[in-house]
Amino acid sequence: MLRYTAKRFLSLLISLAVASLVIFVVIEVAPGDPASFMLGMNAQPETLAALRTELGLDQSRLDRYLAWVGGMLTGDFGTSYTYRTPVTEMIGDRLWVSVPLAIYALALSIIVAFPAGIYAASRRGGAGDIGVMGATQLGVAVPNFWFAMILVLIFSINLRWFSAGGFVGWDKGLWAGLHALTLPAIALALPQAAILARVMRSSLLDVLGEDFMRTARAKGLTARQALWRHGLRNALIPVLTIIGLQFSFLLAGSIIIEQVFYLPGLGRLVFQSISARDLIVVESVVMLLVFSVIVVNFLVDLAYAAVDPRLRART
Amino acid sequence: KEDITVALQLEPPHLDPTSAAAGAIDSVLYSNVFEGLTRFMGDGSVVPGLAESWEISEDGLTYTFKLREGVTFHDGSTMDAEDVKFTLDRINAEDSANAQKALYSAISEVNVIDPQTVEVKLSEPNGNMLFNLAWGDAVIVAPESIENIKQTPIGTGAFKFDDWSQGDKITLSRYEDYWGEPATLETATFKFISDPTAAFAAVMAEDVDVFAGFPAPENIPQFEADPRFQVLIGSTEGETILSINNKQAPFDNVKVRQAVAHAIDRQAIIDGAMFGYGTPIGTHFAPHNPDYVDLTEMSGHDPEKAKALLAEAGFEDGFETTLHLPPPSYARRGGEIIAAQLAEVGIKAEITNVEWAQWLETVFKGKDFGLTIVSHTEPMDINIYANPDYYFQYDNAEFQSLIAEFNKTADPAARSEMLAKAQQMIAEDYVNGYLFQLAFPTIAKADLKGIWKNAPTQATDLTAVSWRE
Amino acid sequence: MNRNLILGATLTAVFLLAALISFVWTPYDYAGLDIANKLQGPSAVHPLGTDHFGRDILSMIMVGARTSIAVALVAVGIGMGAGVPLGLWAAARRGSLVDEIIMRGNDLVFAFPAIVIAILITAVFGAGAINAIIAIGIFNIPVFARITRGAALSLWQREFILAARVAGKSAARISAEHILPNVANLLIVQGTIQFSLGILAEAGLSYVGLGAQPPVPSWGRMLADAQTMVSIAPHMALMPGFAIILTVLGLNLMGDGLRDLLDPRLRVART
Amino acid sequence: MTLLTVSNLSLSIHGLHILDGVTFSVDPGEIVAVTGESGSGKSMTALAAMQLLPKGTTTTGHIMLGDDDLTQMSEAALCNMRGNDIGMVFQEPMTALNPVQSIGRQVAETIRVHDSSISRAEAEARAAETLERVGLPQERFPLSRFPHELSGGQRQRVVIAIAIALRPRLLIADEPTTALDVTTQAQILQLLTRLAREDGMGLLMITHDLAVVADMADRIIVMRKGQIVEQGETQSLLHNMQHPYTKMLFDASRHEVNLPEAPAPVPLLEVKDVCRDYRLPRKTLFGQPGQFRAVDNVSFTLNRGERLGLVGESGCGKSTLTRAILGLEPVQEGSILLDGEPVFTGTKPNLNVRRKLQVVFQDPFGSFNPRHRVDRLVTEPFHLLDTPPQGAERTRAIDEALTAVGLRPKDARKYIHEFSGGQRQRIAIARALIIRPELILFDEAVSALDVSVRAQILDLLADLCGHYDLTYLFISHDLSVVRSVTDRVLVMKSGQIVEAGETAKVFDAPQHAYTQALIAAAPVLPDLSQATG
């Protein structure tokens, strides 16, 4: 376990180092200058120069890279060019939207997908199976931003059950917060749920064909008992992989949805920062996302071990 | 009800109006949190602000401002002549980050006469000085609070700054010790919604009470039909133009520029891109300004003439060029229409959608473009044509001396005449394609009153806003 | 034959055909503005209605199909072209440093938030179809590399590979002669899946304005344009939305059908 | 009174006939063996008795357990019956257990599922007891073990424990030992016999191993193509076989071939002090990676024209040694010389030597690329030649090779899936022969084949020895096969060669304790000729 963790940690460090370099290079070659963006069309040259000095943009790229990486190592992501606040603080604020949103969406998709997948698998080939699978095919095919548009049209504009977007803040209470995140979470969850249901179904079907399921039946378990007691836990392993991938995706991939619902989350931060050329924020957020993916994958690996004793022994 | 939620398209990058050009800063803070010596009113007029009155010397080189009594900053300190001097000196300092430094460069000296009196000396006469001082870039700030002004703005306005949750909203609350008429609203929340769809949804769902500068004109008829809302269509200082790179061949040929101008169908653009909201212009001047001269006839839609002009210039078969479009929908939609219209006369304009940062870099700074569409939102900005290095690179010595002369002239009649001449000159040179004056749609709840209709400067003045009983 | 395959192939064929026909004929000029006739609902004149510039939506969807299919196809091509050889190479040198580097590289690309990178790429090199292709294509590489490596690894354990090694064939030759044909099925199936994801990705990028540039229509941009008009001209959002959904659905169904058809294990299970 | 009576059972799946009028019975305490070729419907018969048939199955006839007709029972009653009255042991011990549940829970589940009033602790106590009975004492195999922590034989015992936990009246065992090595197989069979004898449990055992059948069954049922061709008391059936198929089956099992004399010994392959280590994953962070010595200091010489056997239980290193000889993997110590030349020089296999070597693998299905035609498959070794034959010459070589192994030249244009297992193995041999190698390695080349097909292949081998002066190394765990096709034999255990000598001598008078155990454990068919004669 120790060796395993250490190895993962090492590859994590290398990944992060490479990632930081890639991110920095890509972002630095992007045309556009944060200072001129901030000052706009009528900026005076000397004003611009002053601002560039203030932001540290007149330093060499290498210096800036080292300063950035060095800062990150001490937990300091630097100061946003445009907002002039510590990036750490900004990201911290945004995480309070993005992480709950990702968890909410994931929870929704699990709540829908698991029963749907199990139902379809247990009715393999039947009308229920065909119905559920047809629905998931559709779910995968629907672009989530389009779905979001339709959701807003129906539930915010026509029915006015939910606000059309924005985030009230957790200080208004858990319920208000969740309420505000509901539509975005549904929009995000739809394709995820469809994928998850499909994986759940096929994984269950694989397991149902396993010899030990026959053993269980030979013991006298009913088909249902066998499914719940022996099938599910084994079917969970590929499902976990997908959940891990999805969480990372939800964290980063919600950019467009955050845009549609103007949620002040990480995705929107990154989007705004890219167009404002707030390079340091972009760099740091991307770093964070890469980091989170790696960490989530690591956690998924640990979850495997919890589900599957065979892996416990190996690690 | 004593609170209000105002939605704006753009979020300020920080909260110091005196060190950035971002109009978004003024949109939130101008007149609400910060005030200058003079100020704009909703109709565009300039009235006394923190200066109660002033005197201008005969030669136009000395302005003596009398400051109001009992003005305090939100941190409790009093606003006096020292603060004015500090503010103006800071603008002209070597390392100043003020975006409109040029407007104030004539100020050579600021003297504190007594706590309520300031004397401002100019190096040359400037007829625009009172107007210039009304800009958000010259609001009065205090040395005590300057350090953190970008995060915690401390001004003298009727509202004080409470909180900014970046990427989302800024909240203000009533300043009880305000020197003038106190605000009726207790709190004001500014939300930033750039996406037009989200904007529409937010207003429709009544998540916001006011949307100032509503970005989706196509939805306005719906609001007009909805008794829950009132729609105010105001004017802005935004001349929306098809900028032409005057130094790039073939646009260095005035015939080609003229052909472009005649190829364009303004009304189709206003209808197609702005859903009818916008006033056609024939030169770079705001139509609501008394000195405006209607020159739209000079560049009427006439594709045949455009083709003939092109042939004259040696481009019978047309030519290819680029059309850079920044994000706002006036540019993106207008661009598509213009590209189609240009195609009709044989000019093939390849569209490149760019972000603002990129636009500033390649078009504005790099001057690497053929055509672009942009709205010039600064008030009275015809003087940009006097700068040969300005991105569209119009270099006309005659025009430059005219503007220089104008800047020195204080006589209103003479000034009017000069402005008319300037308008005429650029229209005749077909410097750019003049499209329309940007409309400023504000959607508000039906029972709100006191909202600015027009946008003489980018401001959302809430001091007089209240809910009808 | 299998129901999914027929339905999927039909849907895909319809859009493919629409794309091909659009090269020679569209009902109207897709770029022809007719502002007087804007925002018309579906009618006999304009079967799918017109957009905010009065352009014919059917024509735009036909040409948009071209864009979507081209972008997705080339992106899948990039993914396969680079991913498959990498996967084969890694499998041939399993356990070696090369394998480790390729797989870690894959993980790294996977770890990057795809959409953020796509936005960055288009920010760097400008928005446009080519850059959208590159952005989508890059993220296809690890997908194909992984699939190929995984399948190839199990093939390398098979005795016929051992037999080929006994016949003195080099790893490269074995990969080309024995491994590749045997992973082809898998790649075709994954190809259709990535293709459909590519269409969604292109739509997403165009939606945020980073895909194909006007006047060439793209489904994603049509949706973006339609956004604010949903409540006044819902057909503007519905039509391209359905086009995306049906194409992606078609491809997915076809992928599923192909998998069933090509996977002997399932074939047996079904009989 | 009979325990299980199957009368006139016919069965079809989606209209495909699988069983046809199967009738037999099992008495309490009786061991009934079902045997027959692969696909004859043995497993289906067993599943029918459990009423666990695949979807889409239609049955006619009756299956009576005591007085109850299983075909008429409700699903609830059947669930009640399964595990309680009839227990079943499946073939594959590696996959028959749920990998994520401890063995204790899996055994206890059988108990609790039928009587929920039993407390968990009590059920576990009884599970422990049952596991003890099947030879898994608590001290060494606590209930908390997971399946992956047990060997194949131990897992199979757990499966048996699950089946017998409630002391069912009938136990059905479907090929319970095919996946196990001979010594473990002997233990399991012993255990099953004991259970039948001690508890009076009826045992219906399915197996294709006739030696096992003859050894332990009271009665034998022979099936073929869904029908019972013959059944009767073991002794009387063995001595008085009626059906030709039965006779053929038993003959093939006992099949022996006559090898031509080996020529005078000239060394061809010299294996000297060879060791092969596999790296194990590191246990601790900075610790040395572990080493596993799969082949440990092996030396032997194989003479030209000699037929050498290599026996030993699964995992003892036979295949590893094969790969080393083929030069597919480097060895850590020692040398392997063919005709005086090393098979592996530096880091590259020596192509010069490779050309003189060919191999035939165990798996007739996995040994061929399913996408190539036979001609391409058998000519693959041509790659080793500097000037591979082209055109007509190539066609002649293919024809010759195919004819040599008893196939027709026109088979060359077929794909591999168009052949049966035995035919595939012939093609594998044809592929090995086509470049006339000096030495052929057979790695378990007949283990996967049916007895009758196996007999054919062995005949072919003997035949080829006559025609081609073959030299080969024949690897198998099946002692009887090795005995008939080799002159000399090596016995391998845990990577080491423990005994070597002339085949007949080693088998008749084994010296090493391991060889003795191996030979003792191997079930042998009774010599019927003696009994009848």
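The first chain written gets the first letter, and so on, giving A, B, C and D; residue counts start at 1 in each chain.
The rule is short, and it goes like this: contacts are C-beta pairs under 8 Å (C-beta built on N, C-alpha and C of every residue); 3 or more make two chains touch, one makes a residue touch a chain.
Chain identities (UniProt): A, C = Peptide/nickel transport system permease protein; D = Peptide/nickel transport system ATP-binding protein.
These numbers were taken from a predicted model, which means no experiment stands behind them.
Across the two candidate interfaces, A-C and C-D, the one carrying more C-beta contacts is A-C.
Inter-chain centre distance (subunit A to subunit C, centres taken as mean C-alpha positions): 22 Å. For the pair subunit C and subunit D, the distance between mean C-alpha positions equals 47 Å. Put simply, the C-alpha centre of subunit B and that of subunit C have 44 angstrom between them.
The distance from the centre of subunit B to the centre of subunit D, with each centre set as the mean of the Cα atoms, comes to 87 Å. For subunit A, residues touching at least two other chains, in rising order: 31-32, 149, 153, 157, 259, 274-275. Residues of subunit B in contact with at least two other chains: 197, 200, 204, 327, 355, 358. The list of touching chain pairs reads A-B, A-C, A-D, B-C, C-D.
Considering their complex, residues 31-34, 36-44, 46-47, 50-51, 54, 82-85, 90, 93-94, 149, 152-153, 156-157, 160, 162-167, 169, 259-262, 264, 268-269, 272, 274-277 of subunit A touch subunit B.
Of all residues in subunit C, only 104, 107-108, 110-117, 119-121, 123-124, 196, 200, 203-204, 207-208, 220, 223, 227, 230-231, 234, 237, 241, 244-246, 248-249, 252-253, 256, 269 touch subunit A in the complex they form. Residues of subunit A touching subunit C in their complex: 11, 14-15, 18-19, 22, 26-27, 29-32, 137-138, 140-143, 145-146, 149-150, 153, 157, 209, 248, 251-253, 255-256, 259, 270-271, 274-275, 282, 285-286, 289-290, 293-294, 297. Partner subunit D is touched in their complex by these residues of subunit A: 2-3, 6, 210-212, 214-222, 225, 229-230, 233-234, 307-310, 313-314. Those residues of subunit D whose C-beta lies close enough to touch subunit C in the complex are 14, 323, 326, 328, 349, 351, 354-355, 357-359, 361-363, 366-371, 380-384, 428, 431.
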